[in-house]
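See the structures that follow.
Look at the two complexes coming up: chain A is in both, with chain B in one and chain C in the other.
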Partner chain A sequence: MSVLDVSELSVGFASEQGILEVISDLSLSIAPGETLGLVGESGCGKSLTATAIMGLLPKPHGQILGGDIRLLGESLLTSTEAERRQHRGQDMAMVFQEPMTALNPVQPVGRQLAEIYQIHRPNWSTSQIQSRIVSNLKAVGIQDPESRLSAYPHELSGGMRQRIMIAMALSLEPKLLICDEPTTALDVTIQAQVLDLIRNLTREHGTAVLFITHDLGVIAELADRVCVMYGGQRCEERDVEALFRAPLHPYTQGLLDSIPRLDHSPRTRLQTIDGQVPQAGQFPAGCRFRQRCTRASAECEATPPFVDGVACFHPRETHHA
Partner chain B sequence: MIRLDPITRDRLTRFQGIRRGWWSALILMALIAFTLVAELFVNSRALIVHYDGEWYFPTYGAVIPGTTFGEEYAYETNYKLLQKRFADEGSGNWVLMPPVPFDPYEINSYAGEFPPHAPNFDRGHYLGTDIAGRDVTARLVYGFRIAIWFSIALLASTYVIGIILGCLMGYRGGWFDLIVQRLIEVWSNVPFLYIIMIVASIVTPDFGMLVFLMVIFGWMGMTWYMRTATYKEVSRDYVMAAKALGASDWRIITTHILPNTVSVIVTFIPFSVAGGITALTALDYLGFGLPPPTPSWGELLKQGTDRLDAAWIVTSVVTGLVLVLVMVTFVGEAIREAFDPRRLTRYE
Partner chain C sequence: MTAYFIRRMLLVIPTFIGITLLVFVLTRLVPGGPIERMMTEMQLAQEGVSQMQQGPERGGVLNPAQLASLEAYYGFDQPIALAYVRWLGNVLTLDLGRSTRYNEPVWDIIAERLPISLYYGLTTLVLTYLVCIPLGIAKALKHGEGFDHSSSAIVFIGYAVPGYIVGIALLTAFASELEIFPLGGFTSERFEEFTLIEQVQDILWHSVLPLISYMLGSFAVMTFMMKNSLMDQLAQDYVRTALAKGLSFKDAVWKHAVRNSLIPLATHFGNNISVILSGSFLIETVFNINGFGLLGYESLLERDYPVVMGILVISSLLFLIGNILSDLCVAAVDPRVRFE
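The block that comes next holds the complex of A and B.
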């Protein structure tokens, strides 16, 4: 049984022009121990997918319009808020993009690390919690954890803060870990360390990971499967190796082509995808990518079905180095 | 022991560095503490009476009748006369009076003179008496005590309402916020002074009543600020992160949002205190405040401006008022400066 099962999820935002659908018919599933990479440009609905799964859509504007989200077989949309609170932190946890703002600036990190235990393990003693926190911090590679507990977020480095966020998210060994661009705010050298850390800790406990990023390099390193989103829809979802070797969807191909590569000769013009992502609500009917697509035809005015890992009427294997 | 976070510690250090604000804060604290034991310094009751080998401490406690000390009357001992009698007798009995041996309600009359009596150090009227013959020093001290505690009570109640309601508005948002906002706008337009006049013409307002009335019409300001501060905090990532851990709304408000809005609350305190003092003084001046003979700065100010020939009344009360308000303002200014986010930003 998969840990997370999102089926035909649609999410909308209430606006003055009515409800704007920003995620349409998105389906995902992640098996235990598996890492699914969710890729796409900014504004394609990746982060919103994460907030929808966590049940933290901004109220009152964000609404789930249809579909279902199941965690360990149980629907999160029909459960009560109290039940969802029980799941959060315990069965699913999240690591945020910006560890500085995701930590409360006026509390020492030790107290913030203790919070999850105070919420979900109310009968644990302070010393029990303390020793767990120390071992959690050791697990994320923080030297001398006891002395770090009394530090405030701004006294720590960015990498250290993100390690603390990871320790916090993994405190109760959740079945599902959602990482929302956890390395974007970090230096490249720290990025690699943090990615290693996420990989090792989740492999160790068989945690399912939903890894959101726009950085294809990170995906190649970490994910088992990749789901590419465009305009709130899934356009391609395949094994990481197959996808990187031979992308099928024209958008995925465009994304891979636009990465600078070391084997390019110097001063090669970087490939780009022509046009811009339309604003939510202004997508063309049918295939949302068709206006920017070189392969578009009259056929594309209908919504392409998602078959064999790709949603396109003319998928073509383009071998990619 | 509460451990202060480094930002708060920095702010405190900076506050201490602003000399006049820091000293004003110290002096005001001392004055407020002094009002708690004002009876020991300004009182018609003696501090210590030594009579026939017995020790008496009449300051606090029940009335001691004159008969206890061999006087002929059974009402409360007049310690000033007792002091004179013991001195005349030279029998080893003695009375120690406070530095200002007058009660704020006590009417002092001197043969052949009409009040107000000018300042007279021999009689102990350091600032003279008012038009009823009551000692101005005593009335200033006790008037200050009422004004400052009135201010503090007002501040505490409006802040409790403002913080709770403002937090709820900012946190819940939506319809609740919208409705309370409109309520506040409507309520803010009720003419406060008319209401006070109407109420004062029906019942005589006492301390609690007056605080209640002022709270009813004064809770909106803090609510407004707290609403904005909460809105700002709610949209920050750490609130989202706390929710992602499964924290309840109550927990998020109390452990995450409130500690982060403290600077808003603290910055407003001195201005609220000054506002409270001036409000009470103004109401008393107009005669809608606490009923006479309650010692009050507003009432003294009224007397003083009516009797400018007795310049000591208006001089002392205006000096007192100006000093206190200036000190409160200095504190406010220093706090504002110490908490100025532009000087100590922790965002990256």
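The block that comes next holds the complex of A and C.
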């Protein structure tokens, strides 16, 4: 049974012009121990997908318009708020993009780490919690953890804070870990360390991971499968190797072409996709990529079905590069 | 922290010297200052207008003896630097000169009113925080709902109508018509004869209406500051982190967001304390309270310079203390403030 099952999820925002659908008919599933990479341009709805799964859509405007989200087989949309709270932190946890702001600035990190145990393990003693935190911090590579507990977030570096966030997310060995661009705000060297850490810890515990990024290099390194999103829709979802070897959707091909490669001759211009990303509310009918697509035809005015890992009427088997 | 506090206290000395220097120089420079006053006197004398014709109770005019004592007190015959040092020496020994109006030591006049102003100022301050913080929190949590709108309407009306007008309205309604509260004053006539408990009751009784009038001004600002600050904090990433841990929204608000949202209020504390201590002469007039505001206003009109200077000196000192308290409050709620 898969850990996470998102089926035909639609998410929207209430606005003055009515409800603005931002994510449409998105389906995902992640098996235990599997890492699913979620990629796409800025604004395509990656973070929103994550917050919808966590049940933390911005209130009161963010709304789930349709579909279902199942965690370990149980629907999160029909459960009560109290039941969902039980899952948060315990069965599913999240690491956010900005380690600088994700921690409460006026509380020592030790207290913030202890809180998750106080919520979900109310009968644990303080010393029991303390020793668990210390071993968790050791596991994320923090030296001398005892002395860090009394530190305030501003006294720690970005990399250190993100390690603390990872330790916090993994406190109760959740079945699902959602990482929303966890390394974007960090230096390159720290990025590599943090990625290693996430990979090793989740492999160790067989955690299912939803890893959001727009860095295809990170996906190649970390994910088992990739889901490519465009304009709030899934356009391609396949095994990492197959997708990188032979992307089917023209948008995926465009994305891969825009990565600089060492085996290309140095003077050639970097490929970019022409045109603008459409905003929610201005999506064209049918395939949302069609206005920027070189292969678009009249057919594309209908919504392409998702078949064999791709939602496109003109998937191409071979990658030209 | 302690080191910071000590350094902060030491900084009071040069700041105080700076303020008093400014005040002192002002008395020599401003139009209407003692010197100009003297020249007007002489002109009036030359024009044959006697002081008697203007009536003895017209305080705007000083008699020669008073002028002489003023001159001596401020050292007009001396170089300004020397005069300042001597005056500062007097001030430090609480010798603020004599009031030209009451012919009493200025310190005695101020000392008599200081407790009244401190009582009203501090009570207003405490009550304002006690009401505005919970109200702001409730408004933020119910943002856009009926309670939020109706309380906003009331708060804004209170903000738009000046405190003294509210005072007059309250007096008319609750003191003259309904006779629930006294008509004014700080205490009753027979205050001295009361027991301690009766005295406390009496003071509280007299303060209800003035306190409402005092609070209304700062009320809107503080309530909305609290509300907006909490709404800002609720949108912060760390609140989302807290919710992602499995905390309920209520707990995320009380355990995480509220303390952060108090930081701007703590910063504002110093500002409030000085505004409130200096009082409002209009409210004091309406309620016939002998506080700082009324004293300062009357002294200015009557050109009772020693009293004006004395009030300036004492209020700037209170202002400095208020600022220190404010910094301490900020440091207490925000660990990022380290004052190195």
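Keep this in mind: the second predicted complex is superposed on the first by the 318 of 321 C-alpha atoms of A that agree within 3 Å, B and C clash if a C-alpha of one lies under 4 Å from a C-alpha of the other, contacts with A are read in each partner's own complex, and residues count from 1 in each chain.
The criterion applied here is as follows: a contact is a pair of C-beta atoms (placed from the backbone, for glycine too) under 8 Å apart; a residue touches a chain by one contact, two chains touch by 3 or more.
Worth saying up front: this structure is predicted, and the values here are computed from it rather than measured.
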After the chain A overlay, clash or fit between chain B and chain C? clash
Looking at the overlay, what does A:Ala102 touch: chain B (first), chain C (second), both, or neither? both
Now for A:Gln86: first (chain B), second (chain C), both, or neither, which partner does it touch? both
Considering only touches as defined above, state whether A:Leu56 meets chain B (first), chain C (second), both or neither. both
Please state which segment of chain B collides with chain C in the superposed model; the candidates are 42-50, 60-68, 114-122 or 168-176. 168-176
Chain C-contacting residues of chain A that also contact chain B: 54, 56, 85-90, 93-94, 96, 98, 101-107, 115-116, 119-120, 152, 154, 165, 168-169
Help me check something: in the complex, which residues belonging to chain A touch chain C? 54, 56, 85-90, 93-94, 96, 98, 101-107, 112, 115-116, 119-120, 152, 154, 165, 168-169
Of all residues in chain C, which touch chain A in the complex? 236-238, 240-248, 255-256, 259-260, 263, 333-336
Listed in rising order, the residues of chain A that touch chain B in the complex are 54, 56, 59-60, 85-90, 93-94, 96, 98, 100-108, 115-116, 119-120, 150, 152, 154-155, 165, 168-169
The chain B residues in contact with chain A across the complex are 3, 5-8, 173-174, 236-238, 240-248, 251, 255-256, 259-260, 262, 346-348
